[in-house]
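In what follows, subunit A forms one complex with subunit B and a second complex with subunit C.
And now, the complex of A and B:
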């Protein structure tokens, strides 16, 4: 016979050893470890001011025979705080979904119950398998003047709590972000970037319920975004990009007339087209021809003239000196 | 009065379209452009209504001006035409039915609003209501114009607010205020719906050049 016992953090817990008398001799264990007698009041186990670490399996054995007389699982937890509820229509006009979670854990199992009231009518919110804590509703009527009232109740063994949302059909419309955002440079245009994207796949009828878009972009090196709002079309060409700088680009979507903007799409990076740098070999050739032409104007190096033959005496000196003059004259000419 | 102002505004806007040079607005206008203009007018009215409704609900006082106020619909409020419609039915409406529903709704709402206009206390409210009624009249005219250009007959019906035999006006002050609350709510919802209605019409009626005759409707 499996027992489970739920107790609040900080509570005092008294466990009885099944049908045993108060004065019977018993031994208690917690997860297999013997519990000291100081915690016993007769055959009752007293746990004061329990905390989460005291959760576990508690067993009671008869003193001499070591027969298992009672066993229970103690689960220490807290009653639920007010849950967080959110409802949104990302597939207008099909319907909407609500999702919820607890702001802090309770450490014990919780069950959720959601009710949707539209005017006098009770509607059924069908629970999704994945993700958990989510349900969806199909609209039966469009353009309703009556608000929807959604109440989420969370219950566990230690208590319950609830929260309510009241909203108009139009107020909760928020599409998913645009998909497949692509940004490409434009050949021969150093200040342009071509951006294109697609309607979110969850939006069922973009023909009748068109979306408008908001594009934001900035070079990675700056913090300030530039914005463009586009009332139709799923592409746009940026024409004022800084040349050669890498850009980060995002797009958001909104129903043309109602609701709020989607979250920003996944960011894409792109750099505008830049001209190819000059080829290295061409440069070298230009330098060689220049040096060849200049050297033809220059006198042959002085050493050659002076080295020729072993000219001894002033004659040789005179030739060297003359050569030096000629070189000097030419150098002056070129300065 | 102000109705001519709206009419002139429409004409001026249409005549400035770059795609149609040297256009005299008393002659040829595309049905497509008329639908666009009607759509734009519903957005303008929706914007105007936000201010008007805020002021009016404050005038009515609590609980009418509380954001979460969500009263049950009483049977008597059904006199005001409702924009609420079954999804598949709405999708399947013919262009004629779609336009006629809008035409009828705004004609009736206009009548109710005019009655309201005669009753409100403050000068500011009277001024706002008068301005709004004029714009709303422009919308009715615009829808009528679209219907005529597409060859549809204008819906006939009672011109004034229908008074069911034996049904009195609201028996007490609170119920009267409830009527006003629902009137504004229905108006708001109709303007949201019309944006979607005219979007659908825009896609189905290409901007063909059709002769448009805008006749004075005795206002």
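And now, the complex of A and C:
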């Protein structure tokens, strides 16, 4: 017979070798490895203050014949703590779902049972195949002031725990974030960005249950967001963007009348339109351009200090009268 | 076989529905504000559960999406007529009990009563547009039983809570009604309804 034995972390465990007498000569193994006799009290195996690493297969063999007399799987774990439960309607008015998890692992198998009561009526929460810790309920009534009471009980071999949520129909309505958010520059408008998005695909009837939206945006170089609330439509033009700065933009959604705001959408980035830089050209460059027609090189703009006619000297030492006078004045000053 | 809506009827319905949606939205906002003030001034617990009060129309409905346009209008009208009477009663009790002590609450109740009356009239207009006779109002029944002060307060809480739910439901009902497909359904009800 295969036995499974569940024990709490920190417990003292005594294992008997099946029907063997206390004074029988036996050998115990843990996962195939002999256990030292210091852990034995007669034929009993004593494990004090067990920890998770001591989970495994324990076997007891008769001393001389090495016949297997007893075998058990020891699973060390902890009783469940209060589970975390959340219920939400992202597809109003069709229904809502509840999902749960344990705040800390128990290291042994757990089972979950959920009950949903609306007034005096028991409702069935149909478990989802994926993920496993979720179930959904279809609304049988709408616009009810009667609250829903959801109780989740978690049980394992070492104990049980539960939590309860009480809420009304409107309070848990929270759409999924808007989808397909796109932000584009507006040609010839250095301070505008055009943003568009779509209703979340999980929201079943946006015509009868329209969503409103909250848009937030900021240049990457700043921490403070600008906010705009939009009561209809799925697009907006930002008109006060800083020219040339890259922006980060997000959108959230909420039913027009009830519930709470969705999480923020995936962020999109965009930079407003900027004019192409125009190069300054001198007479020499225009001449060079026209004479060297095969060359595509454009000389960089030069800063003129003085006219060509005022140049003195030649080559690298050529200076103009104005510059020469300044240098001369400084020289006299420092002599 | 029901005739299709004329363009002018469809436009008029859409216009009435739009205005009705705005009315109901404003009404809901005011009821929510009034609820907060009511709970505080009456010394009630906001989370108190109030059992369904006799005579208060419940907004809760099953198979809401399957209702016809005419059903929606008739149920809404019956509800708001009931709320009109309930709010008038609340106002009278408020004045008897507190006189001028709670003038703010009294004014808010009176303003809400006006909105409810206006909305009921709006619903009647929509029903006339559907060429549906507007049901007559039920005559005054026997006088309501005299409640203790605490029972009056609890009933008031129930009235305002249900009215808040109805305001949300009415917005949804009118949006359904404003849809072209629903409008056709409402017209075809005319032939089918007794």
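The rule we apply is simple: the second predicted complex is superposed on the first by the 279 of 335 C-alpha atoms of A that agree within 3 Å, B and C clash if a C-alpha of one lies under 4 Å from a C-alpha of the other, contacts with A are read in each partner's own complex, and residues count from 1 in each chain.
As a working rule, a residue touches a chain if its C-beta (ideal position, glycine included) is under 8 Å from a C-beta of that chain, and two chains touch if they have at least 3 such contacts.
Predicted model only: the values in this text are computed from it and were never measured.
When both complexes are overlaid on chain A, the residue A:257 reaches subunit B and subunit C alike. Using the contact criterion defined above for the overlaid structures, shared-chain residue A:146 touches subunit B and also reaches subunit C.
By the document's definition of touching, neither partner reaches A:130: not subunit B, not subunit C. Touch criterion met: A:120 reaches subunit B, while subunit C stays clear of it. Common to the subunit B and subunit C interfaces on subunit A are residues 93, 140-147, 170, 207-210, 257-258. Those residues of subunit C that touch subunit A in the shared complex are 25, 28, 49, 58-62, 64-65, 161-162, 165-166, 168-169, 171-172, 175-176, 179. Of all residues in subunit A, those touching subunit C in their complex are 93, 140-147, 170, 207-210, 257-258. Contact residues of subunit A toward subunit B in the complex are 93, 119-120, 139-147, 149, 166, 170, 207-210, 256-258. Partner subunit A is touched in their complex by these residues of subunit B: 43, 68, 70, 72-73, 82-87, 90-91, 182, 185-186, 188-190, 192-193, 195-196, 199-200, 203.
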